[in-house]
Amino acid sequence: MSDKPKGKLAFYWAASCGGCDISLLAIDEKILDVAEAFDIVLWPCATDGKVRDVEKMADGEIDVCLFNGGIRTSEQEYMAQLLRRKSKVLVAFGSCACEGCIPGLTNMNTRQEVFDTVYKEGSATMPENPQDVRPQPATKMPEGTLHLPIFYDTLRTLDQTVEVDYYLPGCPPEAENIWKAIVAILENKLPPKGSVIGLNTTVCDECPRTRGEKKIKKFYRTWEIIPDEETCLLEQGLLCCGIATRAGCGALCPAVNSPCIGCHGANDGVADFGARLMSALASVIDSDDPDEIRRIIEEGIPDPVGNFYRFSLAASQLRRKKKVVRG
Amino acid sequence: MKYAYYPGCSLERNAAAYDHSVREVSDLLGIKLQEIDDWNCCGATEYFSQNELAACAVIARNLALVEPQTDQIVAPCAACYLNLAKTDKLMVDHPEFGKEVNQCLAAGGLKYEPGRVTVRHMLDVIVDDIGETAVRDKVVRPLAGLRVAPYYGCQVVRPIDNNDNPEYPMKMDHLLNWLGAEVVDYPVKAHCCGGHLTQISEPQAFELIRRLLQNAQDYNADMIICMCPMCQLNLDGYQSRVNGFFGTEFKLPIMYFTQMLGIAFGIDPQKLGFGKELVTAMPVLEAKLGGLLV
Amino acid sequence: MADKIGIYVCHCGSNIAGTIDVEEVARWAGKNIEGVVVSRDYKFMCSSLGQQMIEDDIKNEGLTGVVVGACSPHLHEKTFRNACKRAGLNPFLCQMTNLREHVSWVNSDKAAGTKKAKALIFAAAERVKRQKPLEPMEVEVNPATLVVGGGIAGLQATLELADAGYPVYLVEREPSIGGHMAQFDKTFPTLDCSACILTPKMSEVGQHENVTLLTYSELEEVSGSVGNFKVKIRKKARYVDEDKCTGCGICIEKCPRKVIDNAFEAGMGYRKAIYSPFPQAVPRIPVIDTENCTWFTRGKCRVCSKVCPTDAVDYDQKDETVELNVGNIIMATGWKLFDCKRIPQYGFGRLANVYTSMEFERLCNAAGPTSGKIVMRDGKTEPKSVAIVHCVGSRDVNFNPYCSAVCCMAALKFGHLVLEKTKAEVYSFYIDIRTPMKEYEEFYQRLLGEGMHFIRGKVAEVTDAARRPEEHGKLIVQAEDTLLGKQRRIPVDMVILMGGLEPQADAKELGLKCGISCSMAGWYTERHPKLDPVATMTDGVFVAGVCQGPKDIPAAVAQGAAAAARVAGMIAKGIVTIEPIVASIDEENCSGCRICNDLCPFNAIEYDEEKKVSRVITALCKGCGTCVAACPAGVITGAHFNNEQIFAEIDGILWDANPQAEVEIASV
Amino acid sequence: MSNENFDPIIVGFFCNWCSYRAADLAGSARIKYPSNVRIIRVMCSGRVDPTFVLKALADGADGVMIAGCHPGECHYINQNYKAMRRYEMLKHTLSAMGVEPERVRLVWASAAEGQQLAEAIDELVGDVRRLGPLHWLQNWDENGQRQKALDDIVKEHEEAMEVSA
């Protein structure tokens, strides 16, 4: 590898928790191989680098950009567009960039509601705000106007904003998968553009539990039962997303007796992760009586969006909750 | 088991025996009856044909008065039972009408959410909720040898579905069987007693009453067991007039099923209202059940 | 390869062109839909000229897909697929969209119709671009046939096929074939002796070289599909060795245990614990009723074994499962009588002299318990008056809403027999008298002439509660005479309840085994109520007789013969083509979650324990696509209805749903 | 909101055997009903993937009708029950997403029920018209502020660059 001229690598963090930045470090000493192969031109979390420097680069000058986080503000959108322009290969890194992830669940609310929660009702970061101070997109100062990026009503995934070349799923992506992706990039053995780097089967494939034919009479929430450790969790009534979630994690959660929550997103060709779960689970409900079916669903799944779209709401067909038109 | 209790006007007056025996038997079977505070008349049958909204409002007031923690109401009187159940059903099936009824109730500061309270008849509570085993367990004085004709009348078995065959109900047959009585297959068990026809056209009413008495006699029944104050009044109160009218000699006591339960359970007949009937039951009870009664 | 799509919009005379501007639709499609190279409208697309036009375009333009906007694909999909095929284009690259039944005929506003037509054409075009060539599969047809049910319909079907030289397995649940018809005395309206016309057919079946009779047997399991079904039949233990028994009947004669016969004699007569249901039974091999046999219940007796000259009685016999391979199945499972006890006010089971129609059949049967004498339950008194109640459990929303079709005629037959054999007055209480078939109305007129009384009114109750002295000791039938507008109370000695026909108790369960469904009432669903009353939705499974719906003997016979003809046609052809619209699982990516395993009613999905993947058995798949929609991993594909195709169809059908989209498309 | 002039677009997913034929029958019988429902044929209501419905709504449909054989009369024995279960599940989720569940309807129509189907279509079109347009795409836009905010950033950065240069 070292014979080649060094490539340029950027790593950017938009609307996400920061876990992806840390996960990159979880490849341990291999990060040195990365540093050997690449000049890191931008990694705000770990290295010094200026947007201005990126702006000055020629288009396509960056070889690989690993972009984590969804697009929630105008600044993030600007950065996505900028990095797209400057990068040969743009990778949606981690669940947030791929499908919105937990920040995407804010799509159940609007900016107004989010701000009300944070600034009016109080939060850990802003316990008191008697003057109801809100972020303003523009503030006139004697020296000129200062701009804050605007906060969008709807979080978008990276590929809803710019064209994405590859996807690396997971919240966060597992170290070995990150390494595999980096090796693929270094060895120029990348799959066709638009591919997800990873397996195309679901978590069940990696889950050691015994599975039988499925019939569900009641859905349980995780605190309601202590599941048997050998049998398929779904068959025990727990809403395990493993049936629909892309494999690659080694069935981490089911291995510790906890149902899969779906962080790896859907398989190739699936147009709506939640719909896959809804359809599969509904199909095996053990009742033909509409009232009973309704009861099983309503009692067992009080928060359908949280259960079916925990990671993928922003990437779903509907993307968000219907906004109430005011006035 | 706890139920709101709606006695209705008849049970305060002519059907006091029904009320007493219902309360006695319920106590013994562990049925907790909570009488509705400040209940009012159900309007009987006539009011419905005069003004449906007002009739329903009058009835719904009783439903609205049922305490929030109770969701079942028991009415022993067949007319009360039907009126309460019918009003609830009308309000459920026709939400607009339900709203109108609630507008009336609002005048008294009340509100009834249709479907909140299930209206039950005493017979259904004992047969369906208490059940065979619990009833049989309580029998200390089986009614062996007593031939009884179960008479259901028309209002409890139809039109509201109480889980029995409306044309040929069997619940009371079963219950009396559990008490050890000899139940006759009484084919007119769901025929009409004449209702208020006694006030309008005596010959017609008397003919209806006669058929019921005649059939019980044809089957050698010792007494007719009923579950409705109106039926009891017609068959018992008019029995001597019917005898006079047709030249017959019926002497059939007409008792409430709860009174028979009470007897079988060993409750003092006095407490069950025995003696209030016009065709006295004592001779036949003594003859058939021996000295057990005292 | 770039798409080259041809769009063909039919006028259907003025049927479509009347409310859709077809010329505009064709013009618009040619201009606005990507990949469209030809777009035409034509007066009658299904005409030979219209078809020729499509064929020419396929050849000349090298079309890769054809969209025909015309009538329902249920009418002409085959026509246009064949046209494509003739021109060398795979028929599955032709997509029809329904502009007539779904647009022009249901709509009178031309602008709205034209807009809707454009959307449907757009959708079909987007879809056809993603359609794949498919080839139908061919399988060989096993010439053996399974007939389930040995009543008259099943017997007829069996004989037709056997006579044509094909092997038939006839399965019957009872110890003898014959069905309900064997219980009847006379048949309406000709008053033929039922046994006289039935028993020759029974023995013919029993002796036919091509028929394998499996009586006292039940259909247990069906797998496979048209042409190659595998069926499992459970032969219940008779405790009599079929090979040794000669049918001499001495065991029956000597058996000391008498039992009420609730089956053949409808509770009116007795049989022995070892029995053959009736003298002309086929086969004549008796069975032991273990619930009543003294040896089985008390460990004593063994008389039958001792008297048997051929040592055929075998108390240790066990149920046996027979596996058969057949190409087709004919279901002729018949019916059961409505349980008259469900209407307690009619008194059956409570009042002695209330009879069901089946009891009465036995009562007047010369071979029945009274040797054909019509007497009351005391066994000696002849009734002086008889009431016949029609529609017991039929045409009644509380029980069965349908008309049982045969009861009116059976009631007339009973009326005739009572009048012929006794001096009784006969009263028929009916809602409507229904006599629509050949010589049925004449029979009704004959009964009117014979003096049977007809009272038009649904019976309220049958009671012994007398109101007047003359009613004492009688059964009183009360009904409103709707012609007189009066309540009538007719005191009679005997009442016959004309119980309706109901599906067999296990019809649904049995149907599921071979993949056929039941109507709301429980009758087997035919493929088409008018045009295909013998086939079912499952290829290779046919229905005959009352199990498909109430009918009389001639209709059951005709249907049995029709089903046989259909089967014979398939056997003669030798092969059957199966539509290639099936599901398939991408085994490489299947994680074996097993969500789909229990979803297929045709058992077409199997789970490979070793590889831990699920798999579709193509021959069994009927192509409904339920598993496709259920697969959480998205690895099941439905041929011709895959996600890509349906997504494209949704995109196309909503071409004008977003104002922006309209602009974009206009600029294409 | 007055919706009299609103002409909703409704996507229908009809099973091949009963409901599609019911629509054929409505046509043959010349029963008139609103032209707002555009029918997509699937082999069975059991083929209807919730994704179809979500996609149709996201792509601009104002309502969706799923039609199948009556329970117990499914051409594929009982697959319509699976459609029913999915429909209940989907409605539960749609409610949570703020979509009025009345916009999505499951109806049973046998091949003989052209009239009933036309009535069901009439009713759904009326209900959707009352609810007004869904216009899902509008849910995604940022009230026109997005482009301006982006332009502002570009401008600010350019200005900043100029200063440093």
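Here the chain labels run A, B, C and D in written order, and each chain numbers its own residues starting at 1.
To be clear about the criterion, contacts are C-beta pairs under 8 Å (C-beta built on N, C-alpha and C of every residue); 3 or more make two chains touch, one makes a residue touch a chain.
In this text the structure is predicted, and so the values were computed from the model without any measurement.
Novice: Centre-to-centre on C-alpha atoms, which chain is most distant from chain C?
Specialist: A
Novice: If you tally contacting C-beta pairs, which pair wins, A-C or C-D?
Specialist: C-D
Novice: So the centre of each chain is just the mean of its C-alpha atoms; given that, what is the distance between chain B and chain D in Å?
Specialist: Computed value for the inter-centroid distance: 54 Å.
Novice: Return the distance between the CA-based centres of chain C and chain D, expressed in whole Å.
Specialist: Centres of chain C and chain D (C-alpha means) sit 36 Å apart.
Novice: If you average the CA atoms of chain B and of chain C, how far apart do the two points sit, in angstrom?
Specialist: Chain centres of chain B and chain C, defined by C-alpha means, are spaced 49 Å apart.
Novice: Could you check chain C for residues that touch two or more other chains and list them?
Specialist: 599, 626, 629-630, 643, 647
Novice: Out of chain A, which residues touch more than one other chain, so two or more?
Specialist: 271, 276, 279, 283
Novice: So which stretches of chain D touch two or more other chains?
Specialist: In chain D, 49, 51, 55, 78, 82, 86 touch at least two other chains.
Novice: Tell me, which pairs of chains are in touch?
Specialist: All chain pairs meeting the touch criterion are A-C, A-D, B-C, C-D.
Novice: Using the touch definition from the top, list the residues of chain D that touch chain C in their complex.
Specialist: Those in contact with chain C are residues 7, 9, 11, 17, 20-21, 23-28, 30-33, 35, 38-44, 46-49, 51-52, 55-56, 59-61, 70, 72-79, 82, 86, 111-112, 118, 135, 137.
Novice: Can you check the complex and tell me which residues of chain D touch chain A?
Specialist: 49-51, 54-55, 57-58, 71, 78, 81-82, 84-86, 88-90, 92-93, 96-99, 134, 136, 138-140, 142-143, 145-146, 149-150, 152-154, 156-157, 160-161, 164
Novice: Please name which positions on chain B make contact with chain C in the complex.
Specialist: 165, 167-168, 170, 185, 187-188, 211, 214-215, 218
Novice: Contact residues on chain A for chain C in the complex?
Specialist: 200-205, 211-215, 232, 234, 242-244, 247, 266-271, 276-277, 279-280, 283-284
Novice: Would you tell me which residues of chain C are touching chain A in their complex?
Specialist: The touching residues are 588-595, 597-599, 612, 626, 629-635, 643, 647.
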